[in-house]
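Have a look at these structures, which come just after this line.
Next come two complexes built around chain A: one with chain B, the other with chain C.
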Partner chain A sequence: MRRSIAQQSRTARVLGTAILGAAAALSLSLASSVLRPSSVIAAQEKPGATVVTIDNFSFAPMQLEIPAGTEVTWINKDDVPHTVVSDDHKLFKSRALDTDEKFSFTFKDPGTYEYFCSVHPKMVGKIVVK
Partner chain B sequence: MNPFNIREALLAKHAQHVVLIHFPIALCMVGVAFDFAAYWTKRSALATAAYYNFTVAAIFTVPVVATGLLAWQFQLEGEKLKGILLQHLVLGVISSVMICIVWYVHFRSRRALEQRLPRYCLAMELVVMALVAVTAHLGGYLTGVNVSA
Partner chain C sequence: MSDYIEKNLDNDGVDRRGFLKCMAWAGTGTLCLVQGGVLKSFALTDVLQKNVGNLKGDLSFVQISDSHIGFNKPANPDVTGTLREAIAKINALPTPPSFVLHTGDLTHLSKPEEFDTLSESLKSLKTERIFYVPGEHDVLNDNGAMFHERFGQGTQGDGWYSFDQKGAHFIGLVNVLNLKAGGLGTLGHEQLEWLEKDVAKLKSSTPIVVFAHIPLWSVYPQWGWGTDDSEQALSYMKRFGSVTVLNGHIHQTMQKIEGNITFHTACSTAFPQPQPGQADAPGPMKVPAEKLRGLLGITDVNFVRGKHTLAIVDSTLQG
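Moving on to the complex of A and B:
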């Protein structure tokens, strides 16, 4: 009887250690997956960047200030297709961009250019050319 | 945008497809549930309810497919589709055709003297349910409902 109790307590200790270890590993993996995107976004939001990333159903940066003659490239990092279409539907219009596909446009004239994703009209962005 | 302006509401990008699609999905699911309930309980009223659910679901597939195709033409100017968009289109069309076939089997069986639904129809309904579920999943994924605000 005593032996079985001792065995049970040892099993409980082993199980407890295993559960704690699994929880710690899970926490670490979750923390790394949560922290990674923010560091990526911070790097992409450097002033003067000419790359707009499409991720998580939004354009980042949402507003970009650039000098005239700059080429802006949009990269789709989402798992679903997106488009980049100017508000007037004429100035620039990309085809449906799949994951990691790019679209570029050179802004020659100063002004404010608003654009959106035609598949998801709530996704909007703005380019200010000075 | 004024929500009570009919013109604005009808021309609101391609929102109609996203709104209308819920009707055939729900009607089809309820129709399948009624059919299985009718099979187990042997109550003809449940089979009748299933028939009418499939009837309205089949009717709704027409505007749903039409608005989906219009969205493709208007928003993507009919460009050649690939990836999830193509899968959603193909599965959507197959699902719609299958819903209409299920309705037709019901229609035929109700006109027959025995008025008994063939057993293969229940299996077909399960296939339709799976197709509709995958199509709806892809549609939801495309619209971004899985993305947190």
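Moving on to the complex of A and C:
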């Protein structure tokens, strides 16, 4: 549950490679669909929770699609503090997250939720709840 | 042959996107002297070998910035130590500064103990007074309430203020509060209104020094290194003969002149940040230990009344 999207993607890649090795006859197009690290897929694989990594002054993935009821956890991997604040400053607003600190929010209702880092407002992200 | 450089003819090729007229990359130290609106820059090593008595003015003050007390990661696990080194450097100046300006990011995480350490450390400064403006790291969880309580007594609105010293007018601005998604630093309507009134009463011959944390010019908006409504603020100062803008935030020295306005950013006393666009993001630069002190430093400013002369000397913690 605490793995980052990047870690999940790596897992997907390793898994994909294993499948490729076992079934060498797989076509390239099929392989690429197995290998494609998609945040949407990641979210669906783990219903109920997903992770957004804050790294290098950006949210990854910058846009995330999730089913309603999903808990999103942001984890700050940078050396400087960041925040996670909805554009309306009301729906969700984290305290300043130091390195490795986390903030979670559960999206109950469908809609598009834009957010940013109030310390570095050029950092923006979007959660699309289906 | 001239032994000074006019308008950045120092062959360093720095004229990034046409807005950098002079860039003093910390490590060597540069003195910038404004006379009659013309910038002359000297290598600090040259200045130190000559008689610099003629650069002494009616008023000298020092700018320090971005102490980030509480930061403890590479390349600087001891930011309190490097702040103390900066203080020692200031205390060793031949003429003690009339006052010191701290242009924000006193702390890294706005914690009370970080503010305590900063205040305790600065008690050893040999100067009459220290003026502060907040950086975004000082207002993290309370919209600046703790900073305001400790450092903003007697200020206007969210912490802006002005004062006069030896015929020059100093203005401290706050551009790190109420930042909007996707935007840059912000001054806001209330502060702009106050500023317009504040300068309206001054004679056009009054030298003005404006200081704020985030640059009041577009250094590199992609990294948030600019202020959305700074042009409005600076428009109130067009009639003045000499305007100097001192900022921090970008952890490196840069300078440019635009008409009557000289813009200058100071080094951090804590850690360096990359040059604009020279990295994926503006995070702390991890440099070898032996190079760190060449990238940290202080800024010494001399003002000569009646001559429109303002000399800005950056020096690093090295040597």
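Criterion: the second predicted complex is superposed on the first by the 81 of 130 C-alpha atoms of A that agree within 3 Å, B and C clash if a C-alpha of one lies under 4 Å from a C-alpha of the other, contacts with A are read in each partner's own complex, and residues count from 1 in each chain.
Here, a contact is a pair of C-beta atoms (placed from the backbone, for glycine too) under 8 Å apart; a residue touches a chain by one contact, two chains touch by 3 or more.
None of the values given here were measured: they were computed from a predicted structure.
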Chain A superposed: clash or fit between chain B and chain C? clash
Name the contact category of A:Glu114: first (chain B only), second (chain C only), both, or neither. second
As a test of reading the superposition: which chain, chain B or chain C, is in touch with more residues of chain A? C
Should A:Val124 be classified as contacting the first partner (chain B), the second (chain C), both, or neither? second
Which superposed partner A:Thr53 touches (first chain B, second chain C, both, neither): neither
Check whether A:Asp98 is in contact with chain B, with chain C, with both or with neither, and answer first, second, both or neither. both
May I ask you to decide whether A:Asp87 touches chain B, chain C, both, or neither, giving the answer as first, second, both or neither? second
Can you give me the overlap between the chain B contact set and the chain C contact set on chain A? 56-57, 79-81, 83, 95-96, 98, 118-121
Which residues of chain B touch chain A in their complex? 13, 75-76, 79, 81-85, 141-144, 147
Chain A-facing residues of chain C, complex: 71, 73, 108-110, 136-137, 140-141, 179-184, 221-224, 280-284
What residues on chain A touch chain B, complex-wise? 56-57, 79-81, 83, 95-96, 98, 118-121
For chain A, which residues count as touching chain C in their complex? 56-58, 78-81, 83, 87, 95-96, 98-99, 114-116, 118-122, 124
